[in-house]
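Here chain A shows up in two complexes: once beside chain B, once beside chain C.
Here is the complex of A and B:
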């Protein structure tokens, strides 16, 4: 037996199994494709906002204070990042904080407005944050500052005017009218603030349009799970066969190389057929992503090229998983769980930029994460040598480990 | 033809499984390796087959150390493991095609060892539809593709019915008559009685044993 005849045998084997593998891959592609498209179509990501819930604990006797709070949650641009809640008692406010209904509780002490009026800085606003130091606290402090600024400038303006009018011969009625006039001018200025800027949400996910992010995530998840469609290739492979092949001179490295090639070819044919179907849908404008809206063919071809590289790596990863998990009970379930976990951390289901920093860093360097980086390069057209190098390194490493695992398997007779 | 196994050693961690194992045989002989489960019989066969690397020792076939000269080992030694080293999704013919050239396969099926093993009767049957006996015969058929001079068998007829055993024994007999050397790791009394020389492997040491149809004696010695 030579490596060539071993390869021929494995090829024949995958050809026999291929109808089942292909059918399973089509069903799987259809299921996640339909689910993905439906999800994407029914979710307008431009309207999705991420808001913090902020609670206020204060008295509402002062009209300015009440109005300022209302501005924060409804008129000012801060409305895009906060929902405001008002509490009458300290207990209610802290309960809400502990129950995670609000992220921060702002306690405005009695006499705060009077202190503003008389430029006394002794009673300060206290801010209780539920989470750790970081973005929440800083943003909330900024919100409070905006609120304070509004109050301070308005109050200070009115106070100055009142002060200036002390020695004038104006009647109280005229003074009140002037006060009201200034107050309305402030209000108009505040109301017009929101019109100074126009916010447009492009809706980016990890540097791609949300639809492209979705597309990448679905394609990668499909690629990872595609290996499970070829699981039959691993089910009936007996260690005795590898042993006898070894005794005839087919080394573990040759065995792994030939088997991996067959496994990869099956994955390649299935996925290229699926990609072709996706291309047809793109060309018919039934689905699409912004990045491919012009020059569809060359861009899709570029994407397909990157996809094949990703497939080489992910196939080697899953091949290794199935190889090393020989002899482990529920090995396929374990492989499935590993792949799902890796997929989540790598940003297949949710933009990686939304994940906590540690998870983001881990996700970036996982083999599935590197595949994500490379495939997103296929969408954006931005080549990244580091990612490509990592992809190649992972592929070589996985195959080398698989060779070592096969050697151990043959020597110990693990089946 | 002469074979000589000299001072084979094999250690798994702290456990020394084979301690200077040595024996020799001439063409037409059958060597039986006996011992209780886990004593190292399969390890010895695996080392001789080149699957496991021994820590020391030689396996000489006509003065060539086939543990070092892989090419000669592939030509002259065949190994049949305990299980069924064949591809389940393929037919018997497809499996044999991996091991034999087209002409050679035809010849063997018509009048060679494959005929003796009776493989020609189930050539187009898929392996996953075969009985254990058919699988075993096919395994032997695949292993002997190179017309070997030394055949290493690890419990070759375990779990086979009498008819299948008969086919395997017929082949083994023919193999010996053609000057081949058999090395069997076995528990089977009939196979033991077939052997021209028997060895007991106990705590890593191989010692010669003469089987005189006394099971009690064999049991006590194991």
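Here is the complex of A and C:
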């Protein structure tokens, strides 16, 4: 049997499986695409339409506090990203939390401001979020800390003025007027605080926009999962067949390279079709990413070119996993766990910058991380020789290990 | 009873001899180790490059120092010059650059008097997005500390001829905000945001265990294991078989939560995870009836896990598409842990799955299908 005959045989196998592979790849593309879009919109810092809804439960005994909350929700710049809701009862507040009307409920106890300024025991403001701490609650905490700081420094000035006015001969009416004037001065300062700073946008440079980060993550996760569509190709082959092929002159290296080529071709056709659909969505302005907003066709072609290189590497990685893992359950579940873990560390679900430095470094050098770096180059147009070299090295290494694994498998079968 | 116990122990022994199950279990502990390891290091959601101009005055130095302590939201990276800080942003090493002016005292005094400044503090960012709004607010809050005092001092001196009150005495030095779980009397020690997804990972891992157990059952049924275990109710046998796997997995998951430092009250954790295990057992039985083949089950595993990860609070708390969320078992479990409100929903979901299994069995008997 020649290598060509063996290759033709494998090609016939994959062609027979291709309708199922293609259908499944579309299902994956749809599920992962929807998941990615939802994820991006949920953490989409590009659009102020994704406002954070914060509920407040407080008494109305403190006029400054009530006014401050109204100020946040209607006058201040924070109204661009935060919606505030006030509730009279705990029941109403918690109902709103459970009905997803608010993300966080802030419960301010009665007499809060007086206790804060004059009591030895600091009052406690309770924050309730409906689920466990994550990035959203971290941001919520920080937003509320900012509000509390503004409130505290304002109130500190007002109470300091009241301390100064105690020894004076001013009437109550005059004291109230002075207090109100100082309060207005503080409100003017808070409303004008945006003038303290000036943001200059220097352009994306070598970096990517936030949406581009997500786009690369979605595309790569799809690429990783795509291999599962072709898993039947690996389940139906047996050691005895490889032994027969070997005995007829098809060496393990030839077996591996021909099988890998067929596997890669199936992945390539499925992913090119998916990329074409994505291109159509870009062209119809149904998906917007800054990097593709001008010169769409040449930039998308460049991106597709880099994608094919990444597909070669990731296909070789998953090929190795399926070759090495024995048994149906291992092939599916263990491979899946490995790929999910690598994808997490490589920044497919969260930007890698969220992770500590050690994790970022590990993620960068994993095969999935190298794939991310190379695909990013396809978006930014900045070629990185080191990443490309690592990509090629990983591809060659995985295929060589697969050859070795096949050889061992055949020899064990013979023994 | 003795026979039942013997069967349980045999099934259990069979399970722990499976290399795939051992590997799956080890992967969980590896995940916990990795997450605990990286959680001990400094991490933050954004990074800000800060630099101060030459000849910084007292307030400039104070603000610069106060911006150096790391917090969960921001990692501050110090640079010696403005150019280095801007380059860091351009190269993607930082999300933003803040250049602290040398004459910050004058800037604050100008703002306190006129409510505007002639030379605003420069912030450099790559692209406009809402995150920069938050970061700018944090910087302005640091400045407002000094502005607040100056506004009081100027006003009191103008109107009263004196400003002798102790402004700092009115500023509390404790964190007055505490995070509580709904229904809890005491504030919870919230886990680091890096380890926070661990519970979600456990929930997904238990779904994978359920799929694995369905595969094991299909495999053992094909090999004729149940020839030696005759029963009038194959569905009950199947439930018990799969529940052995899920019970062991639930124990491992509980241990994982404890080692990962994300466990809450054990009096809630144990019943909830057992209920979740029962729910997943029933779900595995439904999957086995729909996808009668290990290959089909395996191929749809990524789809199932992707949907579970998207619509339950593993990486994000989406709170949309409730009609899809309600059919995801991990959604019910993860929400129930922190909010008693969702526990009824979880029980109803479990009973619904039981109803579906009973319905399918009923139809099969009516239509005369073999198990």
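Quick notes on this one:
Here is the rule we go by: the second predicted complex is superposed on the first by the 245 of 415 C-alpha atoms of A that agree within 3 Å, B and C clash if a C-alpha of one lies under 4 Å from a C-alpha of the other, contacts with A are read in each partner's own complex, and residues count from 1 in each chain.
Just so it is clear, a residue touches a chain if its C-beta (ideal position, glycine included) is under 8 Å from a C-beta of that chain, and two chains touch if they have at least 3 such contacts.
What you see is a predicted model, and the numbers here were worked out from it, not measured in a lab.
Contacts of A:12 after superposition: chain B is touched, whereas chain C is not reached. Looking at the shared chain after the overlay, A:320 reaches neither chain B nor chain C. Greater residue coverage of chain A by touch, when chain B is weighed against chain C, goes to C.
Applying the stated contact rule after C-alpha superposition, one finds that A:96 touches neither chain B nor chain C. Once the two complexes are overlaid on the shared chain, A:247 sits against chain B while remaining clear of chain C.
In the superposition on the C-alpha atoms of chain A, the part of chain A touched by chain B in one complex and by chain C in the other spans residues 232.
Within the complex formed with chain A, the residues of chain C that make contact are 18-20, 23-24, 27, 31, 34, 37-39, 41-47, 71-73, 86, 89-92, 95, 107, 111-112, 115-117, 120-134, 136-141, 143-145, 147-149, 151-152, 155-156, 159-160, 162-168, 170-172, 174, 176-182, 187, 190-191, 193-194, 196-197, 199, 205, 208, 211-212, 215-216, 219, 262, 294-295, 297-299, 301-303, 305-307, 309-310, 313, 315-322, 334-335, 337-339, 341. Listing the residues of chain A that touch chain C in their complex gives 24, 27-28, 31-32, 34-35, 38-39, 42-43, 45-48, 50, 77-78, 80-81, 94, 97-98, 100, 103, 116-117, 122-139, 141-146, 148-150, 152-161, 163-165, 168, 178, 181-182, 185-186, 188-190, 192-210, 225, 228-229, 231-232, 235, 290, 327-334, 336-338, 340-341, 345, 349-350, 353-359. Against chain B, the residues of chain A that register as touching in their complex are 1, 5-6, 8-9, 12-13, 16-17, 232, 236, 238-241, 243-249, 410-411, 413, 415. Those residues of chain B that touch chain A in the shared complex are 42, 46, 49-52, 70-71, 74, 77-90, 94-95, 97-99, 128, 139, 142-143, 145-146.
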